[in-house]
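Letters are used for the chains, namely A, B and C, taken in the order the chains are written, and counting of residues starts over at 1 for each.
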Amino acid sequence: MSTTTERGSAAVPVVPRAARGAARRRVRGRAERSTGASIALHATLLVASAIAVFPVLWILFISLGPSTAWQQPNEVLHHLGLGNYRFVLLHSHFPRWFLNSVIVAAATTVLGVLVSASAGYAVSRMRFPGHRPLMWTFLVTQMFPMAVLIVPLYNLLVQLDLLDTYIGLVLVYCTISVPFCAWMLKGYFDTIPREIDEAGRVDGLTPFGTFWRLVMPLAKPGLAVTAFFSFLTAWGEVAYSNQFMRDPHTTLAVGIRTFAADQRADWGSMTAASVVIAIPAAIVFMLVQKHLVTGLTAGGTKG
Amino acid sequence: MTTATMDEPARDAKAPGPRGSQRRGTTPLQSLRRSWDKHWYAWAMVAPVVIVIAVLVLYPLCYGLYLSFTNANERNVAQNIGPIHIGATYDFVGLHNYWQILSGRDGDFYPRLEWTVIWTVSCVALTYAIGLAMAMLLNRPVRFRLFYRLALILPWAVPAFIGVFAWRLMFNSQYGVFNDIITKVGLPAQDWLGTPFAQKIAVILVNIWCGVPFMMVALLGGLQAIPNELYEAAEMDGATPLQRFFNVTVPGLRPVTNTVILLSTVWTFNMFPIIYLLLGNNTTGDTDILVTHAYEMAFSGGAADYAGSATYGIVILMILVAFSTFYRRQLKTQD
Amino acid sequence: MRRGISAVAMAAAIVLGVTACGGGSGSSKSDSGKAKDPASVSGTITYWDTSDAKNEAPTYQALVKDFEAKYPKIKVNYQNVDFGTVEQKFKAAAQSGKGAPDVVRTDVGLIPEYASLHYIAPLDGTSALQDTGDFMSGPMNTTKYDGKTYGVPSVTDTLGLLYNKEIFAKAGISSPPKTWDELIADSATIKQKVPGVAGTYVNPDSYFLFPVLFGEGADLADPAAKKVTVNSPEAVKAVTEAKKIYDTSSLKVDFASAYDNMQTSFKTGKVAMLVQGPWSVGDDLTGSAFQGAKESNLGYAPVPAGSSGKALAPTGGHDLAVYQGSKNLDAAYLFTQFMTSSSSQQQIALKNGTLPTRTSAYTPEVLKNGTIAGFKPIMDTARPRVALPQVGSLFTPLQQQYIKILQGQTSVQAGLDAAAKEFGKLLPGYTVQ
């Protein structure tokens, strides 16, 4: 099963023609289907894709209408405009929130991936006392609803002098993303042949050198998945950010709540903001999507 | 845990102990030193994670455990209001909080637990089934495969609160697009989020929408990792597609399946934002899962019950630890 | 870690019999509030504003600028905080002594809670309180807790009955309903005579239950008798009436989007009347029923009365409170005084259409504003809610049971009994019947 790495994200392996021919005579093989089956397949995929995409497109559609478009979607086409975007981008603090979120999410991604890769590698390659409980602890940390302890956590950040700082929020986000990432990466490193490490040792590299120079470049798909996961964790989180950050360090997810104020929700601005927020997430997604499948599986299989 | 042993012996790291002495009787210090010499590199590499997790998760978690044995609430914990310091006045109550919850006296635990289990099982099972179906459809030569794949993964790339917000607009019984569509077709308008039962269906649906992409991607990779020769051999033996699915695909996916089911069970069990964001405040409380209930205790204005919510947190942790231990043991006996 | 919670400190607390109450509240705060010359006060303070970021906040920001111009030595760090999460955010910050604002705009219902936790400073005798005789008594009462003043009233509101005059005319109804029964009868007339329009839209938020409860002389609890009264016979009668309104007179309520749908239905003329507060009027005036020249189509009336014969609604609004741990109390007092002065209140009223708390701020110019003119007389019906520190926590159980009652999953009596039982858990020492 470790073949995944070599295969990378290549398309589904093509069954040799001879084998297909042989199979056809007996029962229907995997790689062929009747026209009817083809239509059914495409129909299913189309419906599923439509369900997956529709809510997002709906937000996009509403955002292009007047600010009350959510009440009368039929009106949108007659009043297409960018008014909502104009308000969000030019007349609110949105750009600043956006910048804050980019800083926090980028830092969480880089830091999260680095520390989880280093830990994942150590657990994958080195048998040291504690490596078993370590992975178990990672899983356990995901089981406790930390937000019930938000007040003690607040006091802890105060003590560490990390309140209302980017680094404080980044570290908190790392506690959410790193356990999963380390788990995934450990699994991924397991699929990378140990001979590579030995070659590094022969060349006189330190274990860290081997990890950094030889193994990391091979682990791109795994790193891509963890980067994606870390980014999304930081990009969409609300509760911690709301509690720990103050103007002007407010992140997007918290900032746009002011559009949805209790007494007078401004859904127009909210939809426009949602679309703008989704763009960076989509970009990160496009960058990593070709590695997602391989990266996630190797981690999952071996984790 | 490795944390305790990591920093202390650093001073004499350069003195390697004789390898042969391992079998002879040694003092704990010596064996510690030897252990350090052998493993300091690995420890150094895991240190950043361990320190962050220990400080920001394990420490608060232990503190939560401690609180669960007290009657701490926002009125009796210590306060540092600028120059004013007020000492803590809460007491130890032993296992009282646990007894309150587990004996069913608080009246909330078992109803919430029941719904939490239904919620988790249905979300995980349906997400897995749909994710697997999609993965199998995508794992064939299909035209526009890249398009389908991108479309199907999209919900993952959208922050959850935006996805839920979209669903909430669409579900709106008066102004939502779903009712616009079905009334155009001639069907009666539905109150999608009306009764607690309808709300439960809706939150499960939305959670599936959010969760399928992860499942699908993981399983797609799992499918690609199954050696083709196995299918070929099965075809040679004249296995029907159904037989191939049960004899090749299912066993081949087992490692991935085991992991994703464990992970998504843990995540779904504590997944409260979707429920909260979709339904808002005007609920009967029947749609609250255990975590939501714990939050309510921790944040209810003027009477925040820190001890009670911490106890709920610990009980949730115990349930999940028990589940995953049992689950892993079960898997081991299967292999 | 939270300092005091070590086992040692706890043991000490128990041994010495230190209690959280009383001791801390006034002893260590600077008592220079009044004596100091305002011009000599300097430093930076943080102000948390919870007003609507898009429509109201600019007015407050402008006032902050004016304040800084008047007191050049004081700098104000203005932060807009989401109203829905400010309580949680403020409490976490306040108890730790770090990250809290010096002045916070506070919902009037939160004053007893913050005061009882010692988070906000008593203001009696400080420069924050000036010309107290000028304040209307309703808003002024919301600042009191345990005999002290913990806030300065900034804006006030109450619930009234907003109605669409055009629909009323079409239905041949000459005046807004005076009692809940009249509201039900009028709704039936409207439904019959104006097709496609419903009488009202019931807001399932339990805050909007208060006018009905008060109308029967009921309340959530009786602090004097230490009794939970939410399941008293009067309360049962009131909620039965509310359920009747929901069943007979309301447009179908979408519980997940109740507030949005209620507002939209009213401002687009699908609903004839609403129990609502002045904060909603700005939004109403953007809808097709009340836009532009049709502003006068919006009618204002007191909430209908119950069988007690009296129309009563809860006093709402916002007070400015000063954080007890502020490092610059003098500046915080001065700022609070400035923001609640008559001229500031007039400016806020003119720009935002919210109701001032000072009688002197109701100038002829301010009264030209339709909302303020409409709600001014209704303010006479406002009465305070029970001033319990835990009042915030009572809303969730009440709301859950109220919705169960409305949806018919439980009877009025059983639902209120269940709510009362939950209240009993949250109010130590209270008896539940």
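Going forward, a residue touches a chain if its C-beta (ideal position, glycine included) is under 8 Å from a C-beta of that chain, and two chains touch if they have at least 3 such contacts.
Note that the structure is a prediction, hence the values are computed from the model and not measured.
Colleague: Are the chains arranged, by touching, as a line, ring, star, complete graph, or other?
Modeller: Per interface graph, the chains form a complete graph.
Colleague: Would you mind checking which pair of chains has the most C-beta pairs in contact?
Modeller: A-B
Colleague: For subunit B versus subunit C, what separation do you get between their C-alpha means, in angstrom?
Modeller: Here the centre of subunit C sits 38 Å away from the centre of subunit B.
Colleague: Give, as an integer number of Å, the spacing between the C-alpha centres of subunit B and subunit A.
Modeller: Chain centroid spacing, subunit A to subunit B, equals 15 Å.
Colleague: Taking each chain's centre as its mean C-alpha position, how far apart are subunit A and subunit C in Å?
Modeller: 41
Colleague: Name the residues of subunit A that each touch 2 or more other chains.
Modeller: Correct list: 71, 150-152, 156, 267.
Colleague: For subunit C, jot down the residues that touch at least 2 other chains.
Modeller: Correct list: 1-2, 88, 91, 95-97, 260, 264.
Colleague: Could you list which residues of subunit B touch at least two other chains?
Modeller: In subunit B, residues 59, 63, 74, 172, 175 touch at least two other chains, as defined above.
Colleague: Taking the touch rule as given, give the residues of subunit C at its contact with subunit B in the complex, in rising order.
Modeller: Contacts found on subunit C: 1-5, 9-10, 12-14, 18-20, 23-25, 27-29, 87-88, 91, 94-97, 110, 112-113, 116-119, 204-205, 251-252, 254-258, 260-261, 264-265, 323-327, 388-393, 395-396, 399-401, 403-404, 407, 409, 426-427.
Colleague: Enumerate the contact residues on subunit B facing subunit C in the complex.
Modeller: 59, 63, 72, 74-91, 168, 171-175, 191, 193-196, 199, 278-285, 296, 299-304
Colleague: Within the complex, which stretch of subunit C touches subunit A?
Modeller: Subunit C residues touching subunit A: 1-2, 52-55, 78-85, 88-89, 91-93, 95-99, 259-260, 264, 268, 279-280, 282-283, 286.
Colleague: Quick check: in the complex, which residue numbers of subunit A touch subunit B?
Modeller: 1, 3-4, 7, 11-15, 19, 22-23, 26-31, 41-42, 44-45, 48-49, 51-53, 55-56, 58-59, 62, 70-74, 115-116, 118-119, 121-123, 126, 128-131, 133-134, 137-153, 156, 160, 171-172, 174-175, 178-180, 182, 187, 207-208, 211, 232, 235-236, 238, 253, 267, 270, 274, 277-278, 281-282, 284-285, 289, 292-298, 300-303
Colleague: Per the contact definition, I'd like the list of subunit B residues that touch subunit A in the complex.
Modeller: Touch list, subunit B to subunit A: 1-2, 5, 35, 38-39, 41-43, 45-46, 48-50, 52-53, 55-61, 63-64, 67, 74, 130, 134, 137-143, 145, 147-163, 165-167, 169-170, 172, 175, 177, 180, 209, 212-214, 217-218, 220-222, 224-228, 231-232, 235-236, 238-241, 244, 255-256, 259-260, 262-263, 266-267, 269-270, 272-273, 291, 294-295, 297-298, 306, 309-310, 312-314, 316-317, 320-321, 324.
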